[in-house]
Each structure stands twice: as structure tokens, then as C-alpha cells.
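Same chain, two partners: chain A is paired with chain B first, then with chain C.
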Partner chain A sequence: MKPVKFDYLPARDGAEAVRLLTEHGDEAKCIAGGQSLGPMLNLRLARPAVLVDLHRAEDLTGVEESRDAIVYGGAVRHADFEDRRVADAARGMLPFVASRIAYRAVRNRGTLGGSLSHADPAADWVCVMTGLGATYLLRGKKGVREVPAEKFIHAAFMTELAPNEILAGVRVPRLSESARWGYYKFCKKVGEFSQATGVVVVDPERGYCRVLVGALDSPPVPLEPVAEALAAEGPTAALAVLDAAVDTALGDYPEVNRQLYKVAVRRALARIGATR
Partner chain B sequence: MSTKPSLSELTLDVNGEAVSGQVEGRTSLADFLRDDLDLTGTHLGCEHGVCGACTVEMDGQPVRACITLARACEGRSVRTIEGGDDDPVMAALQEAFMQFHGLQCGFCTPGMLVACRDIILRHRTLSDERIRIALGGNICRCTGYVGIVNAVRSVFERRDQLLADATEPTAPPEEPAWEGTPFRPFKRRAGQMTAVTAPPSDGDDDDQTLRESITVRKPADEVWAFLSDVERVVPCVPGARLLSVNGNELEVEMEVSLGAIRARFRGNGRFHFDDQTRKGRMEGEGRDARSGSSASGAMDFAVIADDGDQRCRIEFVASYSVTGPLSQFSRGGLVKSFVGAMARMFADNVQTVLSGGQVSEGGGAGLSVVRLTLNVIKSWFQSLFRRE
Partner chain C sequence: MNKTGIGARVRRLEDDRLVHGRSRYVGDIKMPGMCDVAFLRSPLAHARIKAVNKPEGKESRVLCAADLDGVRPIVAESTLPSYRVSEHWPLARDKVRFVGEPVAMAIGRNRAEAEDLLEEIDLRLEALPPVISPTVSMADDAALVHEQWDDNMFLKLSVGQDPANARDNADVVIKREYRTARQVMNPMEGKGVVAWWDYRDGQLVVTSSTQVPHIIRNGLSRCLGIDESLIRVIAPEVGGGFGYKCILQPEEIAVAWLAWTRRKPFRWLEDRREHLTAGANTREHYYSITAYADKRGRVLGMDAEVTVDVGAYSVWPFTAGLEAAQAGGNLPGPYDFREYRCQVNAPATNKPPFTPYRGVARPGVCFAMELTIDAIAREVGREPWEVRAENLVPADAMPYVNVTNKHYDTGDYPGSLMRAKEAIRFDEVRERQKTPEPDGRLIGIGFATYTEQSAHGSKVFAQWGLALIPGYDEARMKLTPDGGVEVRVGIQSIGQGLQTTLAQVASEILSIPVDRIRVLMGDTGTTPYSYGAFASRGIVMAGGAVSRAAEALAERIRVMAARPLRCAPEEVRLEGNRVHGPNGSLSFAEVGRIWYLRPDELPEGDRHGGLEVTEAYRPKTDNGVFSYASHAVVVAVDPQTGKVELLDYVIVEDAGRVVNPMIVEGQTIGGTVQGIGTALFEEVLYDDQGQPLTSTLADYHLPGAAEAPHIRIQHTESPSPHTAHGIKGVGEGGAIAPGGAIVNAINDALAGLGVELNRIPATPERVLTAILGARSGKENAS
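What follows is the complex of A and B.
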């Protein structure tokens, strides 16, 4: 099928995008790489009257490095991480994760901000950015506001973004030398979305530890007992409390699904040295 | 919606030549190549970015031409299968596809060749497994993968001859090995999150009933009086607008949206309230004229006093169904996440109104930020939309 008719408005920068979205109100949508919205347009599930294209907005495609963090523009593409055209704040985690998103032709177009704004709970960036404790920079009419990753997604496909706001950037704290991460996603076929995701990030120098289970029907949930045990006693101790923590967090999920989530987190923990 | 979007001039480089044309905003790169330039070697299979048949190169990188808007290619350089003749790797791949029987019906071949050329350029080492992983986004329905993989391997073995002056590819990212350094426990000072229980999953069943319970810090009588007043309660439902009431019949409009999908259901409903038991039922059905989708739903609710008379609990059981185009975008379980969020907003709105506050028309303060939908029916192609 072909999309409905719409006006295509390329934005030169984030401010112009916000202005265009404000001007056209409810009937406008923004697009960056179009790898989520494109199929929805073609199938006429999405029927915007106006499409504001962000992919050439100069302030959204750049990267700003500081001592403690890196801010990635919302229109930075998955392949930019995979090919290391942008600096990596997370000791190899961002290129590793990016290189396993969908397929190369999709990674060449799809963007970080687009994936996060689409807010599919199974998306890699949704899980990873929450695991890393990233902060999202939302640009609206009154300037930029900051929202922590874990507060951004309200429910599947529902975010903090107002209709005339864009996800202008993502600030990722730099992992220090002693940090480690583990990431595992269970996919039935290469490139498909995850059915169960485990994310582990430990950064002893910053006292930071987060363990998440993702690819749920809702945003990723923390496994706090596992994170506490991991920091205090190490990966093997974390493994010992994993099953109970998943059962508590996902109590109403069918057992077969919980098992899948347990395995995903267990494998993520195994990456950083958990042994039974 | 504007009915006559203007055509725009598009200029780009295709297969080494500057071309231009008049395109609509909605024209895809694939349609521009095929319909305007007669470059029909770019095949359209699924037309929503899944099958890979339309893969072409843009600025040297493979992209899906069916989900790339033509106007997003302004000033770019595109190469289709017709433009590959002078490329040594492409020529070698075409020979190898014939030699190793990687062609079969030929429909996926143009996209396959573009993807395979990229695989050869981007790798320094290449196992058969790696070839198969990298070809995961190109579907051959003749299932001729063995021949295709063999063809890629045979060309890769000659990579250095074919690409004498090529730039060195970036090594594919792998996980670091942490073994060298022992893990040292530390005091956790950061990263804590509020522990939450994920909303119940629908799992794989088709049960479309939802039970929710919300607690309101008001006496039960007061809450019941409010809940049984449709003119006050309907606007508390996110996205809902009461159009008219006649006896126990009402006319309601409900705007729901899920990401880029938006629908406005308009329809009729009925309600029944029992003041003795503080139980009620509302039901209705409506249609979204734009998408041609229909929705129906019913909600039973009860107000139960709790903790003396300081607060009460509202329990409701909702059932719903959506048919038509919108029902295609879904997967089991998501609906409970939406409805859970909607219940929280509804509860917030009820609290606000009961405390003397106001809820803005069309469904409450939260709606400008958070919009919702209720459409979930499991369907076989749900996974097709789940992409980044």
C-alpha cells in the first residue's frame, strides 16, 4: 500500500522542527529515519497530514563530549554507533548493541531518538539507555527539559513527549575504567525484536549498578534485589536471587514467559562473570 | 487534511547521473525509481521494510527504498541494481549467483546483491554463520539461501583482488572479555530505581478482559455520586468527550492514539447504575471513520468502602474488541499496559475533580502529554511493525 497524502516539511534544526510541529498541531508527526513510522505510513495505520523530517537537522545529528558524559543527537543513526563514527560512552556497549538492531539496511537509516520516541518496550535502545541511566533532552517551545530514561516511557508506545516536542538528544554518563556490562536478548530470528532482554551495568567507581528485565509489555523493570546483591557480593550472588526477583517483578506473567526473562538476565549476568 | 499537496522538485544522483522529477511528499524512493525513472530492477515485495527486495545503495550504504521517502534523498547519491555493472564486486557476485545457483525466481535477487556487496565490503573475516546473520534482512521465498551463501563466500575469497584499494572495514563490535580483572564488590550509591511490578501480561491467550482496581481518598458515597453522573465522569476518561445524553443512552466521542496511530471513535452507549449496591455498567460501540475500524467495549464497576470511610476502592472489569485496520497493529499484552496507564490517569482525574479541581475538555491534564489506545488483537503480522 501507499501512504495517505501528506505535506513533507524538512526541518533545518530542532527549533524549526518544534515550530513546525506547533504550527500544524495534532495532524503533524515527526520522522527521522522512518524505520518504524515508514511501515506504519505504508499500511496507513499512521495518517498524518504533515510530516516534519528531522534527519538533516544539524543540531540533532551531532555528538557533544564532556568529561563525565556524551550527548548524542536524536538523529544519530544506529550504524553511526556500530561503525564507531560516534564516540562510545559505555565501554563497547553502544556499538555492540547497535550492531544487533534489526538489519544493516535498517541501521543505516534508523535513529536513536526515533527508536526511543517510538517507545516499543522491546527496542534495544529503550532497555540499554535505561540500564545506563541516560537522560533524555526534550526540546519544546519553551526550551529543553531533561527526563531520566526510566521516567520517559509511560507505557508501550506512550511517552513523556508532548505533540510539539522532539527528543533532541540523549546524555549517556561515561562508564569508568572498572565498569562492566552484560546484554542479552532472546530473538526467534536474527533481527527480529527481542522477546526477552536482560541488561546489567556495574560501575564500581561511580557506585552505580542497575539490572533490568526488558522486552515486556511495558517499559523495562528493575530487579533491585539482584542489583543490590551484585554490588555487595558480585555476579554469582546476584544470580542466586535472580529467579525470586523476576517472579516478584513479573508475578502475573505466565511461567513460560518468566522463564525466558530469567534466562535473558542470567545470560547477561554470565557475561560479567556469574557462574553457578 | 490537505487534499492537494503540491508536487516538489527533487534532484539527486542516480547511478552516476543527475536526475530530477516532481514528487509528492508521500512518494517513496522505490516508487520514484520505478515509476519516474523506469528503473524497475528495484523490486517491491512487502512494501513495509521487511523483505529486503527493494534494497538499494544510498551514499554507498544499503537502505530500504520502500520506506525511504524520495524527498529525504534530495541531493543524495543512489545506486540501484542497474548501476552495478562497473563495480568489480557486484560483477563478481552476479557471476557467482549464476554459478552457485543463487538466483532461482530472481525476485529477491536485486536486493540480495546489494546486501551481499555490502557484506563483502564491511568484513575482514566472514564465516558462513556471519553471512547468514548479515543476510537476515533479505528474504528469499524460493529458500535458495545455500546457493546465495556459497556465492557470497566464493566472492569473499577473492576480496583482496577485487578491492585492492578499499578502506579497511571497521571490525564488527563484540563483547569485551572481562575475565582478566576480578569483580570487586562495592557500595551501591547510584542507579537505584523504584521497584515496580510489571502490569500483567496477556501472554498468548486472546482474553480481552481487564480487571483494574483504583483507590480514591474520598468516602464511598461521594465517589459513587460522582461515578453515576455521566456528565461528570465521562470527561475524566482520557480522550473521551460526551456529546449527548438521552435517558440512559449517550453519545460519546473518544480519541485514542498509540504513537503515530490516531483514531477518533464516535458511537453510542448505554449505562445502568444501581445506587443500592453501588454497582454500574456502561457499554458502547463506535466507529473511526478515517480508518474504518470499529470498537466496542463494556465496563462493570463497583465502589467499595475501605478503611472506615476515609477512602474507597473502585473496581472495574472492562472488555473490549477492535476490528478493522487498527486491529492489525497489536500484540498480546500491550493493551493491559495502556489500560493500566489509562486507569491511573482516570483515577488522577477523578481525584482532581473530587478535590474541586478541573479536568480539561477531551480527557484531562495528562492527555496532551500522554495519549492512549485500546486496540489489541493478536494477529499474525504483528511482528512486521515492530521495527526500529
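What follows is the complex of A and C.
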């Protein structure tokens, strides 16, 4: 299938993108890597009259490093993380995750901001950025506002973004030297969407610990009892409360699915030792 | 020894153009003024068409059934008892019978514009109860897919006799239900057709991505009601066929009709979504099997029922009955038992018309049979390989006529199994299983052995009473003035390397190296008749024809060369790319020069027929020749997630005399990976209204490079006594056994958990559900 007719407007920078989106209102949609929107255009499920292309916007493709955090432009590509063309704030976690997103062809074009804005609960960045406690920088007409990752996604494919806002950047706090992380996703085959994702980030120096289960029908869910046990007593204690925590958090899911979620988090926990 | 003859590992002549993207597929063809066609497809599985209202002012660019003057429906005949024909109109009339059935077509300057037009068509449908499964279809109160019938059965047959003795004498009775999923064949290139009117030749030229250009010409002539001489069908490079492109397509007729009536070029290219919905047409089988065996596991007989969900229409020329009839006939496979009965059902449903896919019925029957053998082995407490080996037709019984009258020509079936067992290091795997794996996964080993009836002859097709009976294939061969060779064959290459292997057959006889031999194919305007590329017939039939033609050309060359060599024709030998007499030799170019450039050197009154010949061929015995193989696989099953990894895969195959071992390996690996898709991944899902739920490749999973194990292949050669050079067909084989071998291995791995899977694909969800079910079953019992 081929898309319905649309006008294609490349934006030079984030400000121009916002101006174009404001000008064209509901008729306009942003495109960056096009790895999700492209098929939806071809299937005629998405029918925008105007496409505002962000992928060459100069201020969206860069990276700003500071002592405590790194801000990644929204149009930084998955492959930029995988190939370490951009600095890694998370002690190996970002390249590790990026190198497992779909297939290389997707990673060559797909972007961080595009993936987060699309807000597919199964997407890797959606789970990882929430796990790292990232902050999203939303640029609108009145400038930039900051939204914590866990507040950004309202429901599957629904976000905090106003129609004329773009996800201009993502601020990821730097993990300290003693921090550890674990990430596991279960896919039917290499490159497919995750069916169950587990994210563990523990950073004692910053007093930070988060355990998430993702690839749900909704945004990732924190497993607080597991995180508390992990922070207080370590992985063995965390494992001991894991199954009950998943059963409580995901009581509505069928047994087979809950089993996969438990496995994903368990295996993410098992890997934190290896990422010290 | 001829370095490029039969048996040589010649590099494929096709690959340079293919891997560099330099070939020409239908989608590469551009004609001045060409318009794109898009099809409006039914959104409902079963409905009455109340109206197709065209957008105002654009009526000439939108066509529905009523507009196609002179077009006749696709009607596939068969004389099989009880078989019913269907009428399949290229654009639906009165009713639609599956989601994706073409109802109208729109014409645009490009595809997007044609699709814009489709959105303006106002299609009025009145929904009818969808017939979404064999169970629904065969129920007493089922809605009728074809209202002129009194039930929904395309075919209902009983094969064989009641296995009464086996039942009375059995120590062990095994009853099982098996099921295989509906699949989509997914060639990399979908269907496609470009048609135009050629004023110079006065012919309708239909360029189609097809396996069977000559029979498409027959079919178009029938359905358009015009003479065959007015039609030329060309198959350009075809990017995979697998059976999907061996039948007459409604879209071919509709686009050809446009070009015929409007005298302009029109094009339609299938997209992946059309393919995954309207092309969801194969593999869905249901088995109910009762096997009788003695206490050592020797099979005494079998009572079976096979039901194939054949969809809404009967495909031309192979019919909706062929798959089910083949399943009934092939279920006994390579095994030696004498009592067998099979009830065969082919109910119509509101799904796309069933089309035979690589392996035709055998991936299903092999799955059912091989799981049954393992179930018997478990029941009698013996190793499955042992029970399998004792039941296989032994080598000293060849030639062997089996319980369904299949004539197995040559081979050592138990020998291939034993070699596979050796190569997979069976004893080491059994040893490994005694210690838990560090990662908690469970190891299993499985086997499957099958026969592949290749190169079905006319007798086989005549049994099914098809309107068109494949038999002879033809080849035309010419020595060029400079001593090269042109071979013209009507068969079509669909990726299987026939240009290379046919050149090798010619090279074997003429002694001319393959780089001087051009093989031209796929064009009814320039090649002699062939039924086309399907049923693993190419290298046997077209190879046989090339062999005959090369012998005939060699004879002409001997006669031509005898005079300058001053000897008798029978003293002339072709060897080492030269023509030898007792006292000297000539190059082939010198022979060509005499005939084409210097006929003045020929004696007056010479009646030589020239250096171009056409020959036809079919094997001496017309029952088909049987290739076979054993597959052995080691799996690791993750009991926490149900995920299966293939750790090792061994194939010991026998395709008679091998023309090119590398090509046989390529065919075997490709088929096996498709079989891995059948075993582990591929499944078309429908909702209860018959809506396909797997309409993108994000939902319909194909195996990729990461899912394909390193496959180790061993060749054995039992030449057929019936064919030229002892060659057998091998194109389908790889796809047959993976389902049986892999699920046997999974069941071996999970035996300790009390799990037995009887359904494919063995997706993680299905495996995990079975594990959790067995676990809760045990808890309830305790």
C-alpha cells in the first residue's frame, strides 16, 4: 500500500518544527526515523496532510554532557548509541540496549525521541529511560518544559506531548561508579517486539534503586517491594519477593504472561552482578 | 572428467546478477503509458454483494465483475470421486467468500492514485455467517460457502481398507490428534503482472511472476476466451515461488483483460499486506490417528482421518482436492505396513483458496506420522530411532510398492536414519541429558524420515483427473556459429539454479563447458512447452529433455563433422570441448562455421537437418521417483519461557544422482529453514469473524538468519532406474521434515515434565502453556 498524499516539510531546528506544527495544527505529524510511522503511513492508518521531518534538525541530533547527566537530542539514532558515537551515561547500559533494538536497518534510522514519542509499551527506550529516571525535554511554543519519564506516557501510544510539542531531548543522570544495572527482554525471535521486559538499576551512591516490568498493555510498572529489598538486602532478597510482587502488580494478566514477566525481571536481576 | 558436467560443484551462474541486484523482475519493467492497478478487496469473510457504487465521473477507471465482458470464471476440474468444482470469478460476483477477495479494481497513474480511487468506491455488503474452520464448515447447520451445493465439501474420500487384522492383533494402540497451522508462503517477491498489447506480433503479452508460464497461457486462453496464439506469457526473474505462483491467479486474468480490451500497458504488484491476508492459503491440516503396533513397536496398521481447510475456491489447475488426496496417499510415508485406511476431508471455508506449498501435504503427514512413531516408541519403552529404523522400508525390499500403491524405486531408508543418528552424536546427547544444564534448559533429540515423491508423471496426475495432465517436458538446443550452445526450455527458474544445472546436463553430453552454454527460459514466445516448475520436477523432466536434446544435437554434430574428419559419424567423439575423429579433431566453432557460414563446403544434395533440435522427455516409468532423507535435531527448551533453540541439525539426504551438490545443499537448507518456520513460528490467526489478525510481518513471524542453525548435510546417492542419468527431484524435501523432527525433540526434552505437544508451530506461548498445564495437572493429582 502507498500513503495518502501529504506535504513534506523538513525542519532546520526544533524551533522551526514547533512553528510548523503550530501552523498546521491537527493536520501535521512529526517524523524522525520513520520506523513506526512509515509502515502506518503505508497502511493508511496514519493520514497526516503534513509531515514535519525532524531528523535533520541540528539541535536535535546533538549531545550535551555535564557532570551529573547527559542530554541526548531527540533525533539521536539507536545506532549512535550502539556504535558509541555518543557518550554513555549509564555505564554500558545504553549501547547494550540499543544494540538489541529490532534489526540493524531499524537502528540505522530509528531515533530515541521518535521511539519515546510513539510510546509503544514494548519499546526498549520506554522501559530503560523510565528505569534510569530520565527527564524528557519537551519543546513547545513557550519554550522547553521538563517531564519525568514515568509521567510522560499516559497509556499505550498516548503521551504528555501537546500537538505542537516535540520531544527535543532526554536527560539521563550519570550512573556512579558503583552502580549496577540489568536488562532482559523476552522476544519470540531476534529483532521482534518484546513480550516481557525487566529493568533493574541500582546506584547506592545516589541512593537510587528501581526495578521495572515492561512490555505490558500500559507503560512500565515499578515493582517497589523488589526495589526496596534489593536496595536494603541485595539480589537474593529481591528474588524472594519478586513473584508475589508481579502477581500483585499484574493480577489481571493470564498466568502464561505473568510467568514471562517474572522471568524477565528475574533474569534482569541475575545480570546486575555482571554489570558491576 | 568433465569439470562442469553432472556431479560437479559448479558455482551458480545466476548468483552474480542476483546478489548484485541486476536482474529484472516484474517490478523492474516499465512501459510507456503504463498504469497501475489496485484491487478493492473484501473486508468481510462471507457476505452478499449488494452494490459496488463507483465514484462519479471516474467510472472508466473503476471496474467490477459486471464490467469484465467475456471473462469466464476459474474452474478447476477433477474426476476424483465426490469432488465438486467451484466457480471463482476474478472479481467477485454476488458473494464474497474470504477477506481479501478482489471485488473491484481501480486504475491510476501510480499505485497511490489507484488506492486513492479505491477509497472512493462505495461497497455495500450484507454480512453472512462466516465459515471459519473445518468444524464449522462440516457441521450439519453450517452456512453454505457455495449455495448451489448441499454441503460444504469439496472432497470426501476414503482411502484403503479397514485395518481389522491390525486392530485385532495389536499389543499397543496409539490415538492422537495433530494440527498444523495455516501459513503464508512469503516468497521475497510477491505476485506481480504487467500486461500490454504488442501491435507488431499481434499478441497480448502478459509478464507475470509465475512458475508456470506455459500453463498460465492455457489458463488465460480459457478465462479470457481468446486463442492461445494471441497470448504470450513471459516469466522474468522470479523471486521465489514455492507453489504460490504455480496456479492461475485472478489478478493475472483481470490485468490481462485490461490490456487486451484497452490495448495499453497495465501493472499490478502484490504488496506484503495483500500477501499476508489474501495469500494465507496453505498448510492447515487436522489429523486424527489410531495406530496399531506390536509390543516392540512394529506398526501393524493405521486408521486415520485427515481434514484440510481448503478455503473458498478450487485453484487451477491443481484443485482444492489435491492437497487432501495427497495427504491421504502419503501419510504412510517411508514405513512398511500393510493395513491402512484414511478418511480424507476437504471442506470449503471462508479463507483464501488453498494452494500447494513446497512439500505439498507431506510436511503435515510427516509431522503426524513421525510424532506417532515417537508416541509408539514411548509407549513400548524403546528408543524412537530404534522403532523408526525397524519400521522403515528396508533397503533389500527395494523396489517396494507401499500400502497406498506408491512405487519406491531405490534407496536405503534405515541407512539414512542410522547415518543421521551417528552424525548428530546421539549417544553424546543422551549422556549430556543425564546432567542438568547450567542454564536450566532441557535438551532433547528428535528424528524424522520421509520420502519425497518427485517428478510426478502423467499417471499420478491422471489419477486425480485434472483437466491438465503434466507429462512431457521439451527442450530446444542449438549450436551457435562460434561453437557455443543455446538451450531453450519452457520450465521456469524460481531461484533453484536451473540455468546452472540444465547447463551441466548439456555440458555432460556435449563436453562443452557451462560458460559457453546459455539456458533461456520462461517465455512461451521463445521456448517449447513445459508444464513448469513445481512438484520437484524440474531437473528430472527438463533435465531429461535437455539430455535428450543434447544427444540429438551431438548426433547432428557427428554427422556434420564426419566429412572434414574423414571418418564415419559413429567414429566421431565429443570430448574436452572438441570434436574428435580417429585422425584429428575440430573445434565446435569449426562445425558451426560450416553449417551457418560456409554451407558451400557441404556437398550438393546434402540433407542435414541443421544444428538446432527439439526433443521431448518423460521418464520410462511415470509414477514419480522417490527421494528421501532423515533429519536429526538437538534442541534446548527453556522451561521458564517455552523458547526453543536448535543446537544442532543434521540431514542425510538422497536425491539419486546429484547434478550439483552445492545446489542440492542450497535447496535443502532453504527448504529446511522454511520448515523451521512451520515448526516454530508461522501461523495465520483469525478472529471469530474470519478476520486475519496477522496482516503484517510484525504479527506473522518468519524465521530469520538468527533462527537458522548451522545445518550439516550428508549426501548419499541411489540413482533412479527410471530417469535420465538416475536423477531424482529434491526441491521440496528440506521443508518436509523439520516439523516432525523438531517437535519430537521438544517432546524428548519435556518428557520428564509429562508434556507432549501435538500441534505446530511450537511457539513459546504454546510450549509454556503446555508446561504450566502439566505442572498444574500434577499438582491437582497429588
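In the analysis below, the second predicted complex is superposed on the first by the 272 of 276 C-alpha atoms of A that agree within 3 Å, B and C clash if a C-alpha of one lies under 4 Å from a C-alpha of the other, contacts with A are read in each partner's own complex, and residues count from 1 in each chain.
Definition applied: a residue touches a chain if its C-beta (ideal position, glycine included) is under 8 Å from a C-beta of that chain, and two chains touch if they have at least 3 such contacts.
Predicted, not measured: the structure shown is a model, and the values here were computed from it.
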Which partner does A:G169 reach: the first (chain B), the second (chain C), both, or neither?
neither
Chain A residues touched by each partner, larger count belonging to chain B or chain C
B
Based on the superposed arrangement, let me know which partner A:K2 touches: chain B (first), chain C (second), both, or neither?
both
First (chain B), second (chain C), both or neither: which does A:G74 touch?
neither
Under the stated touch criterion, which partner chain does A:F186 make contact with: chain B (first), chain C (second), both, or neither?
second
After lining up the shared chain so the two structures overlap, which partner does A:P39 touch, if you call chain B first and chain C second: first, second, both or neither?
both
One more residue to check, A:Q259. First (chain B), second (chain C), both or neither?
second
Under the stated touch criterion, which partner chain does A:L51 make contact with: chain B (first), chain C (second), both, or neither?
first
Touching partner for A:E224 - first (chain B), second (chain C), both, neither
first
Footprint overlap on chain A, comparing chain B with chain C:
1-5, 39, 43-44, 189-193
Touching residues of chain B toward chain A in the complex: what are they?
1-3, 5, 8, 24-26, 28, 31, 47-50, 52, 55, 58, 61-64, 66-69, 71-72, 74, 115, 118, 122, 132-134, 136-138, 170, 172-176, 178-179, 181, 183-204, 258-262, 290-291, 325-326, 328-329, 333-334, 336-338, 340-341, 368-373, 383-388
In the complex with chain C, residue positions of chain A that touch it:
1-5, 39, 43-44, 186, 188-193, 195, 255-256, 259-260, 263
Under the stated contact criterion, what part of chain C meets chain A in this complex?
110-112, 115-116, 271, 273, 640-641, 643, 681, 696, 698, 701, 703-704, 706-707, 763-765, 768-769, 772
Report the residues of chain A in contact with chain B in the complex, numbered from low to high.
1-8, 10, 26-27, 29, 31, 34-49, 51, 53, 55, 78-79, 82-84, 91-92, 95-96, 98-99, 101-106, 108-110, 114-115, 118-125, 133, 150, 154-163, 178, 180, 183, 189-193, 201-202, 204, 206-210, 216-218, 221-222, 224, 227-228, 231-235, 248-254, 257, 271-273
